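Order of writing sets the chain letters: A, B and C. Residues in each chain are counted from 1.
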Amino acid sequence: MKVINVRTDKRNQMLDITSQIKEVLIQSGVKNGICTLYVPHTTAAVTINEGADPDVKLDITTFMAELIPNRQSFKHAEGNSDSHIKTSLFGPSETIIIQDSKLVLGTWQVIYFCEFDGPRSRKLYIKIMGD
Amino acid sequence: MKVINVRTDKRNQMLDITSQIKEVLIQSGVKNGICTLYVPHTTAAVTINEGADPDVKLDITTFMAELIPNRQSFKHAEGNSDSHIKTSLFGPSETIIIQDSKLVLGTWQVIYFCEFDGPRSRKLYIKIMGD
Amino acid sequence: MKVINVRTDKRNQMLDITSQIKEVLIQSGVKNGICTLYVPHTTAAVTINEGADPDVKLDITTFMAELIPNRQSFKHAEGNSDSHIKTSLFGPSETIIIQDSKLVLGTWQVIYFCEFDGPRSRKLYIKIMGD
């Protein structure tokens, strides 16, 4: 298992970590298999979406903040239940296929670390299976 | 890795692709392991839900179109930020267990390719690991 | 593949099943690899979130019930389209990394079986890959 460190600087933020995942894959020497990404936090997640236009991640984070606001009526005393809800909707894990020593991403896909309660220092775990 | 081609004919659509995944599994000869499904697009996803009553997928796509409308205020110039948001919520990958040469699906479960910005020609990747 | 049985007693409920998954891992003897969790139902899911404060799961289930109400306008005759929608958003599968014979969960993470149409008797499947 390998660990990537991520530093976020906003409450809601999507950070492109594709190049760091590709670097881990190269070092593993695995040619064919699967790559599991796992976020060990309860107010952060991982997703895959368009990386060409930065307005896509802006629209996603802005819309999600409106759809799931931080309500006064939430019981959880830390005041970040909205962050926990978004985390379960985006999910802590993704699995990507490896072929010919490369991550098989679509043309427009990049891998985003999703911060929902930053700024914070975060981690993402990577496990590569295959041969 | 195997590739399935999907042709969608609506903007929002859920297409049952279970039989095509089962065919790929049979050809692989794998008896026990896991099957990773991966959608290489940023406005389409994969999910697993009820297949018996077509009204289930109708209710899902109709509700999601209302919950996440295509707002004028979105910044992304292509005008499909709603499609990108739904893609991250449904997610690009699912993992299904293989036992005794079969996908272990529940009684009512089918695998749906989820189109959020069709009609388009799409692909879904399949990686089978096991023995 | 191993099976865990779950008994829910509310319509919407998140049940901490972490200890049962850990028990399956110990019995497997696998030291390094991945653990796939799979829910074979169409109105239940699996997620990973905070386990320390029970108000977190309360806020999640309460908010989701408001965000996705059981509308009169739904076509599906069984009257549980809201449950099907939540199932696709939370998702039927998660993958967790195994290292040194342990599930690599974050400090605050627990694994929740998510009931969206209970009370019912449910199952969750576990597949462990590795060595």
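The rule is simple: contacts are C-beta pairs under 8 Å (C-beta built on N, C-alpha and C of every residue); 3 or more make two chains touch, one makes a residue touch a chain.
Just so it is clear, the structure is predicted and the values come from calculations on it, not from any experiment.
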{"item": "Inter-copy rotation, subunit A to subunit B, in degrees (Cα atoms; steps of 5)", "value": "120"}
{"item": "Shared interface numbering between subunit C and subunit A [over half = same, under half = different]", "value": "different"}
{"item": "Averaged-CA centre spacing for the pair subunit C and subunit A, given as whole angstrom", "value": "20"}
{"item": "Junction residues of subunit A - those touching two or more other chains", "value": "67, 89, 91, 95, 129"}
{"item": "Contacting residues of subunit A [partner subunit C, same complex]", "value": "1, 36, 38-42, 67-68, 71, 74-78, 81, 84-85, 87-89, 91-93, 95, 125, 127, 129"}
{"item": "Subunit B - residues contacting subunit C, complex", "value": "32-34, 47-50, 53, 55-56, 58-60, 63-64, 67, 89-91, 94-97, 99, 104-109, 129-130"}
